[in-house]
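Mind having a look at this structure? Questions to follow.
Labels run A, B, C and D following the written order; every chain starts at residue 1.
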Amino acid sequence: MAQNPFPLGKDELLKAYRTMRTIREFEERLHVDFAKGDIPGFVHLYAGEEACATGIMMHLNDNDRIASTHRGHGHCIAKGVDVHAMMAEIYGRSTGACRGKGGSMHIADLSKGMMGANGILGAGAPLICGAALAAKVRGDRGVGITFVGDGASNQGTFLESLNLAAVWNLPVVFVVENNGYAESTAMEWAVSCDSYVDRATGFGMPGVTVDGTDFFAVYEAAGEIIRRARDGGGPALLECNMVRFYGHFEGDAQTYRAKGELEAIRASRDCLTILSERVVEAGVIGRDELQAIDREVNALIEDATRAAKAAPLPAPEDLLRDVYVAY
Amino acid sequence: MLNERIKPIVMPKWGLSMSEGKVTGWLKRPGSTISIGDELLEVETDKITNVVEAGETGVLRRVLGEPGTVYPVKALIAVLADPDVPDDDIDAFISAYAVPASEDDGDAEAGPQYHTAETPAGTIRYAKRGETGPTVLLVHGFGGDLDNWLFTIDALAEKATVYALDLPGHGQSNKQIADPSLSGLSKAVLGFLDAVGVERAHFVGHSMGGAVSMRTALDAPGRVASLSLIASAGLGEQIDHGYIQGFVGATSRRDLKPVLETLFADRGLVSRQMVDDLLKYKRLDGVDEALRALSASLFAEGRQASVLASGIADARTPTLVVWGEEDRVIPADHAQALANTAQVAILPGAGHMVQMEAAGKVNALLKDHIAKAD
Amino acid sequence: MSRKISMKQAINEALDLEMRRDPTVIVMGEDIVGGTGAQGEDDAWGGVLGVTKGLYAKHGDRLMDTPLSESAYIGAAVGAAACGLRPVAELMFLDFMGVCFDQIFNQAAKFRYMFGGKAETPVVIRGMVGAGFRAAAQHSQMLTPLFTHIPGLKVVCPSNAYDAKGLLIQSIRDNDPVIFCEHKNLYGLECEVPAESYAIPFGEANVLRDGDDVTIVSYGLTVHRAMEAAATLVKDGTEAEVIDLRTLSPIDWDTIVESVERTGRLVVVDEAHPRCNLATDIAAFVGQNAFGALKAGIQMVTAPHTPVPFAPSLEDLYVPSADSIASAVKRTLSPKGASPRIAA
Amino acid sequence: MAPVVGIVANPVSARDIRRVVANATSLQIADRANILLRVLAALRACGVRDVLMMPENGGIRAHVERGLMRARGNGASGGQDIYPALHTVSMPVTGTVADTHRATAEMRRAGVSALVVLGGDGTHRAVAAECGTVPIAGISTGTNNAFPEHREPTITGLATGLAVTGRVPPHIAFAANKRIDVSLDSGATGATVTEMALVDVALVTERYIGARALWRTENFRELYVTFADPEVIGMSAIAGLLEPVGRDESGGLMVRLSPNGDGAGDCRRGITTLNAPIAPGMMARVGVTDWRRMPASVAFVPEVTAGSVALDGERELSFSERDRLSLTLRDDAFRTVNVAAVMRHAGQNRLLTGTPVPVAAAF
């Protein structure tokens, strides 16, 4: 094997690949099963964007908090939420991460620092300011990462949070996942100042744009930004330019896309392909090793799906449980 | 126009915070001949309703207090006089009567009505009344405080120096109880006496306070001049577990009121204010833990852990045992444990809070006992 | 030791004691310290009406001035609560709820349920409510019904200093989000309050006055109006039982129903607007669960269905008065009391 | 026919990690648009009536069009257009460097007289790769701006306008520039990748592209520069602080760097350390082993066998032991507008006075 030229060890590279592959497989499976009508409600898939969640989360521990979006499966998996519990949650089962009461848009696991996917766009930003404040008050060097789509970055909550984080010098990283579309609306039209870095600059914090389909680009930039935040350097914004392989939600015909757009991005901007080509080409990881991971992930998702479908529904009395601490 | 043969009956002052009372009804008609100790009327305060007993003899010549009307403390509500005192004199007396300025108004400005002492068991709140005669210490029971001696302290203070304290975990004393046993409480009481410079006192203990007093008499006999045990714990195993559990567990008026009613023969004596005051006490930080620790230590599983009767019988400390016949918390027959060595009085028509329900009789017994033992 | 202090002092004291007891308690809000970053004194304001005055000197940076940015800092308080702190966020006037309600009703109120009972959000949002302060339509509302409508929120509205201290301490210790409504016209009202810490449990109404003829239920400022009304009704031989709800979520249904079962008559007084408020809620509950006990139609005394007017002469008509409460009681006592009336 | 000027304005320059690690500039989109408007006004003042612009979705064009619209609307120009007509190259937008390549090539085909470029070294490099003989007028809006000179853009626009309208002779108006060609033969595929740098080629041991920017000096190994200017930022400064080499001289400089930059240097191997501004706001100690002149047209094969090639401050290519890398400096590789010379000439010849003195009369 060649000398490893990457900023991560082989085990870490394998872990990153496994995470990205798990997200991809999880989402692809949901895509198929949703079309069959197996899944209640609606789901927003993260496929295509895996490098962003993974590149960032590789720098975090359970003490660091993230606030996610409606498109949260990838963040959950990368932050270490149990895949079985996630799948069961999406199927509305009692074994789900939220006992079947949250669903796809509200998967959370606070023990892993995952403060919840969020159905309200932009709502995670103030929450993560609070998480970062808690870390600051405790002095535990924890950081808070909030993810926001290009569209929700227009929310007042997000902009107010940039200001609050700067004023309080909180260890927060605002990650803008720019997949070009706010639901169906082009980012270019909906975001007036055109640049997230400009927005960050306006609030007195640095902003960085990286190619969100390049795991290493995200990993490296996030590493610097997170380390800066941990060291008390304050908040920063990270824009990841990336691509969404599916619609806003499942069932979206994506008629707003240009002809050939999807085919083109799948061919040239698939972050999983980019990563695996890079590591195989460098001779650090063998293609067979990646294929072995693919098989394991496939089995895991298959098992999680089978288990979720077989899991018990919540009991009727669960309807009234956990509204308050007691009474 | 002082006429010594005309004796005013005034609105009594029960306890430090009482400033007024409502006449709820007269138990004697005008013209009745009154003896000392006769029940004259009922007065309701924001804390409690009780009977005003006659302290003098005479004919009830005038009844001035209208039922349902609130009068300030020391307001003239009736006049006693011998039959031969002319009506004109009585009318003149009434028209000349002026409510003495409340001494407490001045006191409240001059200094605190309650005191605190720093002791090894923490801050202890206490009240002190009287300056002469023997020293008396009043020790309240489980969940009580020094206001349990509302009708006792001023009566005894006429001829004694009376201290009443809040035990640790109670009233406004420190809420932490380092040692929630009778010995622990006894040490706290002795620590308090040290802090206020009292070497020896006549102990008057109610319920758990009786057991604490007995424990002290056994452990430090030199400091206990006599024992007056009122509805005392420590004389038998039995105790109403429901009361203890109910008292500890209650967090609302609805829960607490029926519990408190078991303390009295006359359930009607439990006023809104009494319940509210106890709830306010129970809500204070540390109280719940203190009460639970005490009940676990002293009354676990509904039995009293310490029975001290034989030790006290042997110790020969001059002892008075008083009980309300209708006590539903600790049965009155526990008094029999000391029947051979102590003066025993079982009072009819009273429950566990006999010193409140039959205050006049209990006070008379206490005065007599303390005078004899001193 | 008990002594007389105002409701404002009682709230200050509750915050002080809880910050002393628990290092995870932090207090934030606009100008709660005052003058942060400015050249003048530290602790320049201590809150717009001085409720938090002096706490900065005792607790330093655990008192945090915020930008005028309710959505961000209320959300941050919620997020910090979900991460182990016990933040008390002052929302100066609860009328400002409009700009940050999402953080409260979609986030804080839902975490426990939506995350399957695996999240706690021990946050307190406290602020001023109520009319009578000449503060006009956007600084005077009693928005309590908006909050009681939301499952997961607890709603508290004390009527006096003693309750304010004990309920605020309970709110801080409670593991659910609490909206703590402080009637600005009660801030100066004094009563006996122990210096020590104590917590008043939620869901226990306070019966301020016993009576067998009619039950008057209220909360906040109008409790005092109800007591005034009860005092005047005595002259007619009417003894009113006055119930101060203290907490609106949870609400003490038992005390209300038990009282109505005894009195047979109910007057509910609510400073909120008349539609879908606490008065209608309680009236409906009693109508459904204690109809047999009722001797007369339930009367509701509320603010009118208008914004709060500015002109003092109009605002004085806005808040339910002792007279209007007494009249409502008389309606329940008259033979016609049972007939329906249309409220203003 | 009036000359047409092409404009390439990169909306995504100055967005990299150096904002975080070194407080580098982040020029706002609105400011880039304002720069463009200033350039356009200067071009129009010199008689340029048509401008061809690269399409982009980063917002620059939208801002510029808003500015043009306002100028037409507010009547400040007294009915006269103060801006040239703006045309856009018809091509799809990918948001990548490919857009710059394609737009440059299209403009060259369309016959533009000069290319005004807004961006950093990276953007200029992309334009230089495709511009052929069309001169470049560079405006710095990037991070490491060694290549474009720092100057008020109105002046750059003015000089460009004067140059393309023939009011300044070409031998004064335009200057020759150097570049380094990089050729990488893949040992795995046999394919050859060629790239170029305008200012510097740095070989670093990191073998991944990542966030592209260079800031970890311990990984620096070899440095090749077209000019070594102690007044600029970045890799060129390292060379410039050792031995200045001008933009107009033939050949460049080659420097070998060592990982032990921090004083613990290995004296036996003749290592010295240099304190250099390697990025905006970032002074760093760099271990220097030796340096020498890099003559033009001679292929250099580096000693480093595996790592990444950073072109003008950004990691672009990675290579391994199996690959073959060579570097060659070219003199006279492309042309730029010599703003300083043009403006000096304009002043000396009073080109902007009401009745310009004929160029010839000045001599």
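Rule of thumb we're sticking to: a contact is a pair of C-beta atoms (placed from the backbone, for glycine too) under 8 Å apart; a residue touches a chain by one contact, two chains touch by 3 or more.
From a predicted model like this one, the values you see are computed outputs, not experimental measurements.
Upon removal of chain C from consideration, the remaining chains are partitioned by touching into the following groups: A, D | B. The fewest steps needed to get from chain B to chain D, moving only between touching chains, is 3. When each chain is reduced to the average of its Cα atoms, D sits farthest from chain C. Two chain pairs, A-C and B-C, are weighed by contacting C-beta pairs, with A-C ahead.
Centroid to centroid, with C-alpha atoms defining each point, chain C and chain D lie 66 Å apart.
Chain B and chain C, compared by their mean Cα positions, are separated by 39 Å. A straight line joining the Cα centres of chain A and chain D is 36 Å long.
Residue numbers of chain C whose C-beta contacts span two or more other chains: none are found.
Because contacts link the chains only in sequence, without closing, their graph is best described as a line.
A list of each chain pair in contact follows: A-C, A-D, B-C. Residues 24, 26, 62, 64, 66-67, 69, 71-85, 87, 102-103, 106-107, 111-120, 151-152, 154, 174-176, 202-203, 250 of chain C are the ones that touch chain A when the two sit in their complex. Interface residues of chain C, counted against chain B in their complex, comprise 1-2, 21, 162, 166, 194, 196-201, 204, 206-207, 210, 254-255, 258. Those residues of chain A whose C-beta lies close enough to touch chain C in the complex are 65, 67, 96-102, 106, 108-111, 115-116, 118-120, 123, 125-131, 133-135, 137-138, 144, 156-157, 160-161, 163-164, 167-168, 321-325, 327. Contacts from chain D toward chain A in the complex involve residues 11-12, 14-17, 19-21, 23, 26, 28-30, 57-60, 62-63, 95, 188, 205-212, 306-308, 318, 320-321. Every residue of chain A that touches chain D in the complex is listed here, in rising order: 2-3, 5-7, 188, 193-195, 197-198, 200-202, 206-210, 214, 216-217, 219-221, 224-225, 228, 236, 239, 241, 278, 281-283.
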